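Which chain is which? They are A, B, C and D, in the order written, and residues in each are numbered from 1.
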Amino acid sequence: MKRELEHLANFLQAAVNHKKKIGFNGTLLIEPKPQEPTKHQYDWDVATTFSFLQKFGLTGEFKINVECNHATLSGHSCHHELETARINDILGNIDANTGDPQVGWDTDEFLTDISEATLIMSSVVKNVDGLAPGGFNFDAKLRRESTDVEDLFIAHISGMDTMARGLRNVAKLIEDGSLDELVRKRYQSFDTEIGAMIEAGKGDFETLEKKVLEWGEPTVPSGKQELAEMLFQSAL
Amino acid sequence: MKRELEHLANFLQAAVNHKKKIGFNGTLLIEPKPQEPTKHQYDWDVATTFSFLQKFGLTGEFKINVECNHATLSGHSCHHELETARINDILGNIDANTGDPQVGWDTDEFLTDISEATLIMSSVVKNVDGLAPGGFNFDAKLRRESTDVEDLFIAHISGMDTMARGLRNVAKLIEDGSLDELVRKRYQSFDTEIGAMIEAGKGDFETLEKKVLEWGEPTVPSGKQELAEMLFQSAL
Amino acid sequence: MKRELEHLANFLQAAVNHKKKIGFNGTLLIEPKPQEPTKHQYDWDVATTFSFLQKFGLTGEFKINVECNHATLSGHSCHHELETARINDILGNIDANTGDPQVGWDTDEFLTDISEATLIMSSVVKNVDGLAPGGFNFDAKLRRESTDVEDLFIAHISGMDTMARGLRNVAKLIEDGSLDELVRKRYQSFDTEIGAMIEAGKGDFETLEKKVLEWGEPTVPSGKQELAEMLFQSAL
Amino acid sequence: MKRELEHLANFLQAAVNHKKKIGFNGTLLIEPKPQEPTKHQYDWDVATTFSFLQKFGLTGEFKINVECNHATLSGHSCHHELETARINDILGNIDANTGDPQVGWDTDEFLTDISEATLIMSSVVKNVDGLAPGGFNFDAKLRRESTDVEDLFIAHISGMDTMARGLRNVAKLIEDGSLDELVRKRYQSFDTEIGAMIEAGKGDFETLEKKVLEWGEPTVPSGKQELAEMLFQSAL
């Protein structure tokens, strides 16, 4: 496994070198997939792929193409994978398909779930400079019993409309502001005395211990998960 | 396992006898749960429980309480479990909670997914005579980090609103009629010559073979899965 | 779903009628499979299939072909499926392949796990009159990277040897007797006063209540799960 | 999520600083766990944790405690997690418990599976300098129905014996050498002309293209998966 990964890294480095040599300006993308056809594939999920890129000095040369159905197969939600890519500055493109939570293989269905589409779009909107030059692929296929020509049109229209509804929902959520405000409040202690000290990398254990003894048992504010879910669903 | 099941059946029969003796008119309910705390529990899902009831002559004495989160744990959707109970005339009550498709234990969350709520309500509306004397329990608890008193209100309001939106969506779908019409068309061959013969239990292999040879390769109409999903999502 | 199941039952009844008409003496088998290619297939697992057979009066006409890999996909172990079939007198044949517990589709691998093979063989040995006229299929295929002709021989030899080791382990377990004795002790209360009364279907709630009040809190004997596992593994 | 991870990294850095300040020589360990009690925990698996350590410059300061049951919950096998830690020089300790492949929560059972124990021991034996100063914890508890005092002894003896059998099996596999030879042969092309060039990071696309055109379609040697499984199982 060690040798295979080193081999793969050298091969990808050769691809980077070749890209530079021929003056190609496109983005190189890796698409994580946990398994199928083999088991324990090396690019299991975004975090595993980012770990690989860091180890072999390839960060900066590759971005990630997140496929939503692959997220399901790796035990994550698509939103989790998108956020993992986004906060590490490696979100490059999205295959906006969907699978089935009770099915363990890649079904590549057209996305029609508005809740999922809203979460996907919220990652895109938050991504610095959006997705360009990347974008969305459907990477979806008709169910095998859908045999009419018009089914192809229906599926694509339905998929596009779902993404559009997702984008409009995100706009609504941003304009309303309640959900962002909830998150801001949840993390406001990060901006106070001790929080800010830790943020700045200056929180040593002696100081933390002194403060903890001085302040006693903290009041734990509510996480307000149900309120967050209600605010989110109300926008759909 | 055989002996334990027989023992259990005898115990449940004693419960039925006792109910009759004391003149209790309530419905006896069994709530399927695949596992937790043990593995391979005997009431894995609705079909398994119905199999048990049939084997021991208890059909008619027990109805099912479907818990949506247990459906997830047994590898089914809640809608699948509700429909399995409904078509076998044993749907008695619903625990309208929800779990997480990526989590393998019972989280008993409040339901906020409108799509799920719409599917649940469609089973209730189709159930002969509705659910009475049964109904809905939330059977949900706050996330452990939700520590404010108001969180209890928020969660219940959010859960009720979700069910209400589900019911309104079902009404919209019924009034519109397109989805029902799609299903009707999909099964219309069941009403024609051969279909009707099979429906009536009169389709023998000789006749079927003769017809197949006479008619040649059939034209397979499209299943129109994507159209069905689009019609469903458009109502949400 | 109701109509499709009725249709299917009528079709299977026609198969039974045809079998009798032409004087065919073989066993008709149904092989449960939870999903793939579709989702929520009607013969999800043994219990679901037995439920279907009972509802439509087909018990006695069909036996089950348990495929081990399908057991995994339905969230069960192969042993659980075999036992469910055995105690309902419908175990007819076994596809002794295996899948991967971390993989969600049918991989149809050759069985090489001795522990699994021992459990499978213990169900066969306990089955009244064994499996005849049924038996074992491998229903397994080589991994796609196994391209030598000799791989076919290796896989089949390995599969057969594994089943043989399983059978020898079961013989060892039976001769030793410790595991059977553990199970006997675990259920010996079923043979005593109250246990026997429930076994005979004569345990009414008044008597049970009286006895419970009379006897007080029972001493719960240990389930001895770890001892059972140690005895089992020691035989391998 | 970004801010929380940065916060966590700063906190762990403070722990490292404190360790150095007080002259503590022990190894700092992180134990990956995918979920439970929350979802999407930040230390999902070994690869995710290694990605985090690399990003925040903490590699070298932390090693990993791999818990086998957590491996199952993250969709991996324990062996995969151990190997991922080993090849990245971060394997520090092992919680040698086990879970159930069909159960989605942490059951912390004593390990009795010899095949699993053999795979675990093979990672330990291959780990440079073994595991010291780390080692094995059972991190297992009795099933809740195991209520005898002797059950505690039985479980620990059974767990230790299983690990010992695993170690003896690994010794047998190494002495026999067939499995290692199979792996060596599988990768021997990595030592030849082109393979060695890629290994050395000197394989550029022009050279690779030239060689591919010169040599034509390669003969693909068999992966011999079934032979590998047979050799492995024969040692148990």
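Keep this in mind: contacts are C-beta pairs under 8 Å (C-beta built on N, C-alpha and C of every residue); 3 or more make two chains touch, one makes a residue touch a chain.
Values in this document were obtained by computation on a predicted structure and should not be read as measured data.
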- prompt: If you match contact pairs by residue number, which of A-D, C-D or A-C shares over half of them with A-B?
  reply: C-D
Task: Report which interface contains more C-beta contacts, comparing B-D against C-D.
output: C-D
Field: Distance from chain D to chain B - Cα centre to Cα centre, in angstrom
entry: 42
- line: Distance between the CA centroids of chain B and chain C (whole Å) is 26
Statement: Taking each chain's mean CA coordinate, chain C and chain D are separated, in whole Å, by 33
Query: Multi-chain contacts in chain A: which residues touch at least two other chains?
result: 40, 75-77, 102
- prompt: Mind pulling up the chain A residues that touch chain C in the complex?
  reply: 35-37, 39-40, 73, 100, 102-105, 144
Message: Which residues of chain C touch chain D once you look at their complex with the stated criterion?
response: 72, 75-77, 101-102, 110, 112-115, 142-143, 145-148, 151, 154-155, 157-158, 161-162, 220-227, 229-230, 232-233, 236
- line: Interface with chain B, chain C side, in the complex: residues 1-3, 5-7, 10-11, 13-15, 17-18, 34, 40, 44-45, 47-48, 50-52, 54-55, 74-77, 80, 83-84, 87-88, 187, 190, 195, 198-199, 201, 203-206, 208
